[in-house]
Amino acid sequence: MLTARNLECIRGEQKLFSNISFSVNPGELMFIGGPNGSGKTSLLRLLCGLSSPDDGEILWNGADIRELGGDYRGVMTYLGHLGSIKDDLTATENLRISCALTGCEISEEQAVDALERIGLAGRETLPAKVLSQGQRRRVALARLLVTPTKLWILDEPLTALDVAAVELIKGVLEHNLSNGGMIVMTTHQEIVMTATTVRHLTLS
Amino acid sequence: MTINWFKYASPASFYFLAGRMIPYFTALAIILLVAGLYVGFFVAPTDFQQGEAYRIIFIHVPAAWMSMFLYTVMAFWAGVGLAFNTRLSSMVASAIAPTGAMFAFLALWTGAWWGKPMWGTWWVWDARLTSELILFFLYIGFMSLQAAIDDPKRADKAGAIIALVGVVNVPIIYFSVQWWNTLHQGASVSMIQSPKMATAMLSGMLIMTLAAWMYSIVVILIRTRLIILERERHTAWVSELREGVLE
Amino acid sequence: MIWWIIKRDLLLAMRRRSDVLTTLFFFIIVVSLFPLGVSPEPDILRIMASGVVWVAALLASMLSLGRIFSGDYADGTLEQMLLSPVSLAELVTGKTIAHWLVTGVPLVLMAPVLGIQYDLPGNALLVLTLSLLLGTPVLSLIGAIGAALTLGLRGGGVLVSILVLPLYIPVLIFGTSAVEASSTGMEFGAHFSILGAFLLVSIVFSPWATAASLRISMN
C-alpha cells in the first residue's frame, strides 16, 4: 500500500501544492489531474523517490520510502514522459537495457515477444530514431509487459498513442490491477476502467 | 543535551544575533589592524637582507593563511549543510567564498609586489605562490558553480560537494606542487626565513592575522545577513522587518 | 549489472564512432600545434613532449566529460538509473569505466606515435604511455564528479573545466615528471606508485561523490 501524508512541494519560490494526503491500495488506480504547471509530474517524482517532499512523508506498507531505498525501487516502475529511449539502439536493445537497469533482466526472446504484443512486430531491429512518436512510446510501455513490479507510476503514458494502442494499454493496466497491483498515473485523456477502484486526485 | 542549538540555526534568530555581534568584531578588527600595522611599520626592525620591502609580509602572509583557513571553514560549513540539511550553514559557506577568494587574490598580488624587488620579477613559480594560485582557482570554481545554479537548494548542495572534493585535494595539490617545485628549482627562495625571524616580525604577522580573521568574521556575518534576507524575502518575519515592526 | 552499463555505453559509442574520433583528433591536433607555435628543434621538443602530451590529454578528456551523463539526462535514462534497485555508485562506476575505454584508451594508444613526433627515446615513450594508462582513468573518475554537478546547467561545458582542471593538477605533475625522470635516467617507480595511489583513492571515492552529485542535480 502506498500512502502519502501532508505532502508539500515547493519549486523555486512557488508552492506547487501542500497538504496532499491519499493512499492507494492493491487493485486500485489513481488518476492525477489538473492543469499544466499544477505539479502533476512533481508529485509523481516525489512518489517514486526522485525528489524529496518539502514537508510530509511517503510510506510504502508503512515504512518511509527514503529508508526503504533500493527495496522500494525494486517493487516500483516509473515511466517518465521522456521515455528513456535511445535513438541509436534498436527497439529490442532499448527494451532489454531499460529492463536490466530496473533490475529485471530479460532474454532476447522475451523482449521480441513483448514488442510483438504491443504492436511492434517486424520493427524489433530498427533503430529507435526511425520510429514514430507513437511507436517510441510503445517501446517504452513494453516494459510494463515484462516487469514483475506491483506499483506503477506513469507520467502521461497515453500521449501520442492511437486508439488501438490505448485499448491495449488499458488491458495491460487492468491486468496489473487484477493481480493486486497499484497504479498512479497522470493523463489528459481519461480511460474508463472496468471492475476496479478508481480514485481521482485533482491538483489546482 | 538541554541547549537548543537549533534556536541559532534558524536564519531569523541568526540574523538578529549576527546584527548584535557585528559592532564588536568590527571594533576588534580595527584595534588589531592598527596594532598590527604599528608593530609592522615602527617596531619590527629593517631586514638586513631585504631592506624595507620585506614589510609586505605583514599583509602577504596573513592573507595567504586566511585564504587557506577560510577554505577549510567554508568546506566544513558546506559539509554540515549537506549532511544535516541546515540551510544556515550552507548560507555561511556561500558567504565565506568571496572573502576567501579575496584573500587568495591579495596573497598573489602582494606576492608579486614582493617578488619584484626581491627576485627582480613579478612572478616566480614558487611552490607557495603556485599553490595559492590553485587555491584561488578552487574558490572561483565554487563560486561559479553556485552562480550557475538558480535553485538555492541545489546550489548549496552542489557547492558542498565541490568544496569537500576540493578540501580533500588541497593537501594532495600542495604536496604535488611542493614536490614539483623542488624537482625543478632545487632549493627555491623561501619567502619566510622562519628560524631567524625577529620576534617583532613574528608578532606583527600574528596580530595582522588576527585582524584579518576578525575582518573576515565581520564581512561574513554581513554577507550571511544579506543572503538570509534574499532567501527569506517571502517569509513573514522579513516583511515585518521591512515594515519596521521588528528591530 | 555493471557489465550491462559498460556494454550499453560501448554499444552506443560504436553506433556514434564520430564522437570518439573527434576527441582523439582533438588530442592529435593540439599536440601537433606546439612544434609550430614554439619550435621544431628536437632538443626543445624532447623537453616539452611529456608536458604537451599530458596537457592535451587533460583537455581532450575534459572536453568529452559532457558526454558521460548528458545523453542519459536528456532522454530520461538517468532518472531510470536513479530509480534502479542497484546502487547508483555502481552504475556510475560502469559509466565512468565506459567513458575511459572510449576516450582514455585511444589517447593512451596514440601517445607513443605523438611521442615519436617529439623525438622521444624508446624508454621515455614507454613511460609516457604507461603514465597515461595509469593517469587517464583518474581523469575520467574526477571528471565524472564535475560532469554530474554541472548537469543541465547553462554554460556547463566551460564551468566543468573550471571545476575539474585544478583537480587534475597532481595527476599532471606526476605523469609528466615520470617521463622526465626516465629520460634523465632517474628512478621513476615512485611516480608510478603515486599515480597508482591516486587511481585507487579516486576509484574508492569518486563514484560515491558522483552518485551524490547526480542525486543533487536531479532533485
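The chains carry the letters A, B and C, assigned in the order they are written, with residues numbered from 1 in each.
Heads up, the rule we're going with is that a residue touches a chain if its C-beta (ideal position, glycine included) is under 8 Å from a C-beta of that chain, and two chains touch if they have at least 3 such contacts.
Quick caveat: nothing in here was measured; it's all calculated off a predicted structure.
Engineer: Of all the chains shown, whose C-alpha centre falls nearest the centre of every protein C-alpha atom combined?
Structural biologist: Measuring from the global C-alpha mean, the nearest chain centre belongs to C.
Engineer: Average the CA atoms of each chain to get its centre, and name the chain whose centre is farthest from that of chain B.
Structural biologist: Of all chains, A has its centre farthest from that of chain B.
Engineer: Between chain pairs A-B and B-C, which one is joined by a greater number of C-beta pairs in contact?
Structural biologist: B-C
Engineer: Could you give the separation in Å between the centres of chain A and chain C, each centre being the mean of its C-alpha atoms?
Structural biologist: Using C-alpha averages as centres, the distance is 37 Å.
Engineer: Distance from the CA centroid of chain A to that of chain B, rounded to the nearest Å?
Structural biologist: So the centre of chain A lies 49 Å away from the centre of chain B.
Engineer: Quick check: how many Å separate the C-alpha centres of chain B and chain C?
Structural biologist: 32
Engineer: Return the residues of chain B touching two or more other chains; collapse runs of consecutive numbers into ranges.
Structural biologist: None at all.
Engineer: Could you check chain C for residues that touch two or more other chains and list them?
Structural biologist: Residues 219 of chain C each touch two or more of the other chains.
Engineer: List the residues on chain A that touch chain B in their complex, please.
Structural biologist: 12-13
Engineer: For the complex, which residues does chain B have touching chain C?
Structural biologist: Touching chain C: residues 134, 137-138, 140-141, 144-145, 148-149, 153-154, 157-158, 161-162, 164-166, 168-169, 172-173, 175-177, 179-180, 183 of chain B.
Engineer: Write out the stretch or stretches of chain B touching chain A in their complex.
Structural biologist: Those residues of chain B that touch chain A are 150-151, 234.
Engineer: Touching residues of chain A toward chain C in the complex: what are they?
Structural biologist: It comes out as residues 48-52, 70-71, 73-74, 76, 78, 80-89, 93, 97-98, 100-103, 105, 127.
Engineer: Which bits of chain C are touching chain A when the two form their complex?
Structural biologist: The contact residues of chain C facing chain A are 1, 4, 8, 11-12, 15-16, 71-72, 74-77, 79-87, 91, 218-219.
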